[in-house]
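Got a structure for you, questions after.
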């Protein structure tokens, strides 16, 4: 193990990177998703193509110059194509995007995410920034990976507002409502890895990170969490993973 | 008057040019329409914008280098924009194109045109080249001007196949079938100028060219042609019109 | 349902275009004259995205006219949306996301105005809003899509679904959005309004086709031939443009691809003020930056030539 | 109704894309290997328009494989459509217009094959076919439009109308066209297939997104950095490309914008032969130009270096 302790963002980025395969097209975002995608590309997925929401295909971000938003010049550095936002999302609708990353203020037991409002839509207790492309990514990509800090307030039985539909009320409702592709394949948190029961589409713990117990995960998850038989333990980030990751963000702008 | 006799194409080009106003956007085509539009631009409509089907906005064709097709390099010379074919037609659908020019192998008393087939569609007596953009121009431009040699075989009571809908069976059928804009404003032939009765949408002779009689027009028009009260006579092409026109096509590639 | 027939009625929108001259002629004018074409109650769509190629000079000149009752739409709304709220110019914001960026947190101003019900924010997905502009640009009342299906966003604007006549699939009929006015900032245009954009196209070309009136600012007004030499770079035709203004640094302190970088420290200072005194801080900002300077050059002077030069230097460094 | 579910079923088309790897890696191969991906019965869509940027080298390599039962679509079909008919490779042509151009009159070969019922020509309006490709590129089963309404073209392919759920307007639901294969010729690409086109974009970008398999030829294979320096010029992303072949003069004797002019005299000679002996003349032409030469370089040699050089000179002269 490396000397420096592993930060939450580093853990999410490494676990996110491991979920990606070579030759995939990945809809990524600023922060942990960007680091995860760039890390995978540098380690085991050289044939992977990154795309970002501002309308960028195949960027080659300069280490130390990572973008703050997905539509600024830094995000376009080294890009092979700048198709525009609408046309990029339409490529996802066509089926060109294998994987998408998103996060959210709230996520529920069926993988629905809320980035719109806490409380009612018209007169919310807290008005959140909104969907941006999150709804499009979860609706149109081949599958979605959610990266999030595992804070109990984020995990709710049912989100106040479905900004980005996971499996809605579960079962086959996502498909019945017209989303004939995709869904949330995996939720990666600071405590472990989660999937969804193929029948009920309820969130299921599949692995915990080193030093984390199932009881701790349950205690931090305010809904009835399923637990896979023989839940595993993830391998800790390797020195190589951390070295490559840290080289991407030497100023630790995002790594924390 | 100028020495050289006026050819059929020169007559159509001059009469076509006179039908255009300044600051209009005009969907034009190779041959007489192109000459008519360029002539108007050089005479009374400096603020006119030409567009052609290959996806060309605001070309400045080189005299002596007029294009044979609407999608070759010569057609793009001096263009201000090359938006592509689909997007150019979509600008017409949006309402950006005031006037369009088309011709046709057959035209009927309601201004419908046929460039698809003589006889049945499946097993035609003569398979014609097809619509190209003619159907789109007559469906989407603010109004259409038809330029055609006045050959009796071209003028039929009802076209064998409606490639480009004028007023269909007349009255308000065009609108009822969903074409809520446009229509054929004028038919310019080698014998005269024609409009359509506002009620029945039947073709009506409005003016004859110098030296042509109404009887001659009737004799060359194998359907019951309406004739406007006090049908007028057009002014012959002026020396200036012919001089500017002939300068556009010194080799007389299109002027004949 | 908050979408209005004025937004999606393609026949009325087409009739408005048909009725206006589409000149190939001169479009150059002043910011004041250009923005004089905006009426109270208009729906104004903004080009660019977040803090990239924002038509800030046009927005600056618009707010100086003290407009009222505007609807303001943009795919990702940056602080110009807060300006509109605090200036009392905007009753409805149409967007997919509003803020500045992760480091600056939630928009406290949007929170205050929405949570107190003073301004309505009509939220669409990013593609959803993009397709609204695209449908209008294409001259149709809707476009079919899978996006937003099943989400609570379907009810916000009042979207309907339809069944595909060929496949039987359930589809979202994304309603067109025909703005009254589009504000667009571009890299270069000839004096007739034929415009070219470098780098990110964002949604400007669609917005320019969708709107009834197009007001454009350009970093550079180029010779006729500069456009004619590269017609395949032109994204907005002159006949679609009603007014064109030459405004160097017309997006500053937001970025303009390849020309100048955004001023993150300025954003931080702006947000720090809001953290302290909320909307009042924005009101003071408007007095200083919008209502105070009488010309856009005076507005830029508040930042200073050295800041502008440094932003240009950074832009070259970023893309080098 | 001649449109088939295979053409408009966006779910099946999407599943085909989802199932294939979308590599950012090397795509360079040979014409023979590239065209080996075409199966009998496939729907093959051709890029370019009429005699502009036609993928003739790809078509040449395709016909040498003696394919059968192909559907061939192109917005304006030039003589490559006649080749397909006379070669016995094509059972259906989908286009808005077929011929070479006004001076060359009607296509006698199309007349013969259609009038005798040997090949079906499915006609769409130019925009109609463009929207079929665009709907597929967007991943939807149809796009709404006013075009073709009221005309007899509505019945040719079997188009249906729908009522707008917002305005009640009657609209043409233009059915998507997802080709099995797209043949595209471009000006330049990097070895990963990221492609740029100069001048006329035609419909290539839509066709490349619409098709399940994209086979591309390029005048020039450029360094990685040449594409990265101008990402706003890239119109087809590498991950959409299955095979890339370096073929200078890949559209010749058709034109390639800015690089070489079309050979009108060659067209005249080709048509003169047909005037004399109809389809037999095309069969002889195929023997000489398609089946005879064993490499594309041999095909070009039949025209000669001086002709190629002159075509390049004329292109510069035309745009100068």
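Order of writing sets the labels: A, B, C and D. Residues in every chain begin at 1.
As a working rule, a residue touches a chain if its C-beta (ideal position, glycine included) is under 8 Å from a C-beta of that chain, and two chains touch if they have at least 3 such contacts.
Given the structure is predicted, the values throughout are model-derived calculations rather than measurements.
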Common touching chains of subunit D and subunit A: C
Subunit A and subunit B: spacing of chain centres that average the CA atoms, whole Å: 57
Subunit A and subunit C, separation of their C-alpha mean positions in angstrom: 29
CA centroid of subunit C to CA centroid of subunit D, Å: 37
Of all residues in subunit C, the ones touching two or more other chains: 11, 138-140, 145-146, 169, 171, 199-201, 231-232
Residue list for subunit B, restricted to those that touch at least two other chains: 76, 82-83, 90, 93, 140, 180-181
Touch-based graph of the chains, sorted into line, ring, star, complete or other: other
Pairwise chain contacts, counting only pairs that touch as defined: A-C, A-D, B-C, B-D, C-D
Complex interface listing, subunit C residues touching subunit A: 49-52, 75-76, 95-99, 101-103, 106-107, 110-111, 114-115, 117, 121, 123-128, 130-131, 133-134, 145-153, 156, 161, 169-172, 199-203, 206, 255, 257-258, 261-262, 264, 315, 318-319
Subunit D contact footprint on subunit A (complex, rising order): 23-25, 46-49, 56-58, 60, 76, 78-83, 90-91, 93-96, 98, 140, 142, 180-181
For the subunit C and subunit D complex, residues of the former touching the latter: 5, 8-11, 138-146, 160, 162, 164-167, 169, 171, 173, 175-176, 198-201, 231-232
Of subunit B, residues touching subunit D in the complex: 30-31, 53-55, 65, 68-69, 71-74, 76-77, 82-86, 89-90, 93, 116, 121-136, 139-140, 161-165, 168, 173-174, 177-181
Footprint of subunit A on subunit D - complex, ascending: 11, 13-15, 17-18, 21-25, 136-140, 190, 192, 194, 209, 227-228, 231-232, 234-235, 237-240
